[in-house]
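Given below, in the form of structure tokens, are the structures.
In the two assemblies presented below, chain A is common to both, partnered first by chain B and then by chain C.
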Partner chain A sequence: MILGGGGAPTPGAFGTTGRGPRLLGAGGRRATVISTASTVAVLAVLAAIFLLAPGSAQVRHTFFNPADMWQSFIGNPKKGYYSVGEALWLNIRMFITAEILILIFALVIALVRRSTGPVMFPFRVLSMIYVDFFRGVPLLLVILAIGFGVPALRLPFVSVQAVAVYGVAALVLSYSAYVSEVYRAGLNSVHQSQVAAARSLGLSQATTLRHVVLPQAVRNVIPPLLNDFISLQKDTALVGVLGAIEANEAAQIYSSTVFNYSSYTVAAILFLLLTIPLARFTDRVVDRDRRRRLAGVGQ
Partner chain B sequence: MTAGLAACGSSSSSSSGSGSSSATATSCSNSAIQPDLYQKGQLTVATDQPAYPPWFENNDPANGKGYESAVAYAIAKLLGFTTSQVKWAYEPFNASYAPGPKKFDFDINEISYTPQRATAVTFSSSYYDVQQALVALKNGPIATGHSPAQLKTYVYGDQVGTTSLAFITSQIQPTAQPRVYQTLNDVKEALQTHQIAALVTDTPTAQYISSSEIPGTEMVAQFPSTGEHYGLLFSKGDPLVTCVNKAIATLKSNGTLQRLQKQYLQIYLGVPTIQP
Partner chain C sequence: MTAASAGPAAGPPAEGEAIRIEGLRKSFGAHEVLRGIDLSVGTHEVICLIGASGSGKSTLLRCLNLLEPIDSGRISLWGQEITGAGVDPNLVRRYIGIVFQSFNLFPHMSVLRNITLAPVKARGVPRAQAEEEARALLDRFGLLDRQSDYPDRLSGGQQQRVAIVRALAMRPQIMLLDEVTSALDPELVGEVLDVIRELAAGGMTMLIATHEMGFARDIANRVCFLAEGAIIEDAPPSVLFKDPKDERTRRFLRRIVEAGRL
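Up next is the complex of A and B:
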């Protein structure tokens, strides 16, 4: 009975918290010096390879020319190209809309697939076919089929939407298939005894799902969910094939107008600025969750 | 060839300036240009796929039919190549200006010369002077309403990065953002499904689309020339451009280019010209 040993262990003791220790590994000051030197050396070698390559000057001019990067960032329709920065706003809007719809739609599919009643049988089969189909078909083809197919139907309302709407529809269809499987994994991870306990307390099936199963299931799959959404952010760029001027398309217009690829570098940087915060947020969520479990205390 | 030599200096505008002074003295015989070729013993000519009429026919650049195919073979002949020594390579437009060595001697793909583009690649002198034209559905509002003010009110569509797209944004300056597609086929599809009111492309292509490709469309009018022209695309500083420019000048002065334009491009005099 050593007094200091009681209670929850401090998270730091496991080396799981704080960015530094986990990235650098254990070892203190000397390790930090060595890792810094090693990092500098690796970067120096990579930079030397890049700068000393025979075509380096040409590549730097074509991909990293500051003047072209700036021009493509601000855009100039009078010269035939649009602002990559402004076009990114379309990606952001598509991403947010698609993400909300996917979260809802995918959950419905996952719940249908897990349903047990005989009445639900045809829906279970349909949802299975849906998931198989949209996970198997390349997203680009789904975007093309919807973006060019639906307007060609010449229906009132559905055929006269903006291009971005078809793009979001395709993203939702494709990503919901993946995300529903993530949800399903989460639902399966909740032990059957939890359901049994809840039902024995007199909770209805719906209430059990809502208050017992879903909160645990969703918490378990937050990291993979966020992972899918990071991927979704980039894939909004594919909607450009339908003629919507999003960041990647704006970059392509610039590049083929003036024959310089620096605009793509600008688009890449903008996408990184968009995805890195979400990636870091995912890390934090994972860490927090892990700490909580290691603490062994339900909160 | 002497006529060609004389005409060369005046016709090659700004793109081929660098290498020409030293190279004018050198011979353009087939054996003399061998070191400059992508593959010895053959002329490797690139274009995009699909290859559209009237620039190519039956999507087959190697049949010698269509304006660009015929021009490529005429140039090859002047450089001393037989028909079978001309090899065709596939080069998407978006890849044609990538840095580094090219997989062809020149690319012939309706690529317009601009000074900015000429900083990345080398262009030959003009083998076709371009005017942009407007294609729309026959009963669409743009068929009758195309005053400069009215033209600004429509939704246009075009292929990514083309000078036709630049013409829309810089000259027509529509209020709605144009739709920008990966290929010209996508643009045509969008026109057919009423997603766009009109597309802009060079007059011969416009003529082909409206007369034989998409039923129910018409070429509304063409726009005045902005001095735009098509040039063959070479990797930056390729010395071969000097001899190709000589060949183009010869084809100009002996009337071959004019004859081929008449044969394949059918520039009807009746096409009205409107202001953007």
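Up next is the complex of A and C:
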């Protein structure tokens, strides 16, 4: 016996005594039961803390009063407040408009930053300054600057737009800086050998970019892109500071008219209803992509 | 349709000296990879480039396809210089196909789209005609049933055969093969070599960088041994493998034999 000790390990020597992952069927059912019980327990504790807190009744009345929630949801212009539900439609429109513009503008910025050649030099510098600037300045300040600054210039056309237009412009300026970096990461993730293969077949630089590089780059960054858009959805609420009647602003008007914050809860729920589907969709895209890659490796 | 769709068939006469390389030098930074290459390749000739990794084989092929700009020297195809000013590399590449070690298929396109992309976008062939030609090529190499698959569903050997078909779809007069079997599992090497043999039998002019010495001995009209960016020896395989003149060639071949690769 060179190795000393002696004998094969007895069953269970490594701690696997029948309860381990080997009993997958029973373990699966068991896991469901445990996770359900654990969820119920955690929720019960949280509910108890909330309900037994000294100020619980007051908070419930101020933030979760059903009557106020309903009133703020449907609105009543005669009493001086707007429907939070209706105001959300403005958020949705701002979000969709901004998203489309961001997707286009950010791509242009990313392509300029990646460009080579001396002619493009000033544009490369400009796009770099742009990205650095708008990633560094808080979105709220950009919204205020555009929303109050551009009308003050008293230019024809550009200074007489609706408040929401300035809000969208600010969102586009700020988010395009982030999204252009996402695009840039995607473009960098496409291996140079793909470009070499395309060019070696006689494809021009533009055709190579359009048909070989971009489709792969965009596919690689769909999850982070969707992530940015989830955050864009709720950041449309910041445009309320300009006086646009979007959901958050409508909630604030309600609360300062009736002195009850339940309208904010309504706004929060509505924003959740907007973002959660996009979040789940993102998860599915990420999952599908992972499965597809695994399938590819398994070949 | 313009003259562009006529393709290489309307181009230079496919006889005589196909490629002439004179004094070709290429550096990456301070590292000189090619130190004065001279080589002449006749039409229908098959030349195998052998030598250790880093000897400059791949760089030489990439320079021929104009994927790498050269530092000095000149390359001509059928007497026309392609390394001078004012040459459109996209036109040159219609005459020279290249296939890489790592296949480099476009992963987001089906096999058929991989093959038809360049004929449609670069040569202006109508899509229907390009697809018909692509299917004919796939059929010839036993890949027709994979036409709508994506590259990640194919074996390495199949991917490499598709990559060869993709290059052939541009109807090149010359094919450059850059260690096309080096990334393959041993049992998949044969099917790719068969494709190359068929191309050689069809009279394709080829420059092949390879580590498959047995294959080089069978298929090549001439074998060039490269070391440190220069062609050390250039001879028919019967001469180069049996009676190498240069000591470096002898040492290289001895190591290959010891590794059981010849």
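Observations on the model:
By our rule, the second predicted complex is superposed on the first by the 269 of 299 C-alpha atoms of A that agree within 3 Å, B and C clash if a C-alpha of one lies under 4 Å from a C-alpha of the other, contacts with A are read in each partner's own complex, and residues count from 1 in each chain.
In this section, a contact is a pair of C-beta atoms (placed from the backbone, for glycine too) under 8 Å apart; a residue touches a chain by one contact, two chains touch by 3 or more.
Values in this document were obtained by computation on a predicted structure and should not be read as measured data.
In the superposition on chain A, contact of A:I253 is made with chain B only, not with chain C. By the touch criterion defined above, A:R288 lies against neither chain B nor chain C after alignment on the C-alpha atoms of chain A. In the superposed model, A:S200 makes contact with chain C only, not with chain B.
Touched residues of chain A, counted separately for chain B and chain C, are more numerous for B.
Once the two complexes are overlaid on the shared chain, A:R135 sits clear of chain B and of chain C alike. In the superposition on chain A, A:R280 makes contact with neither chain B nor chain C.
Applying the stated contact rule after C-alpha superposition, one finds that A:T62 touches chain B and leaves chain C untouched. Applying the stated contact rule after C-alpha superposition, one finds that A:P215 touches chain C and leaves chain B untouched. Contacts of A:G80 after superposition on the shared chain: chain B is touched, whereas chain C is not. Interface residues of chain B, counted against chain A in their complex, comprise 93-94, 97-100, 114, 116-117, 119-121, 157, 160-163, 165-167, 169-170, 173, 177, 179-182, 186, 189-190, 192-195, 236. On chain A, the positions that touch chain C within their shared complex are 193-194, 196-204, 207, 211-212, 215-216, 219, 292, 295-296, 299.
Of all the residues in chain A, the ones that touch chain B in their complex are 55, 58-59, 61-63, 77-82, 148, 151-152, 154, 159, 163, 240-245, 249, 252-261.
The touching residues of chain C, counted against chain A in their complex, run 62, 65, 67, 89-91, 93-94, 97-98, 100, 102, 104-108, 117-118, 121-123, 152-155, 163, 166-167, 170.
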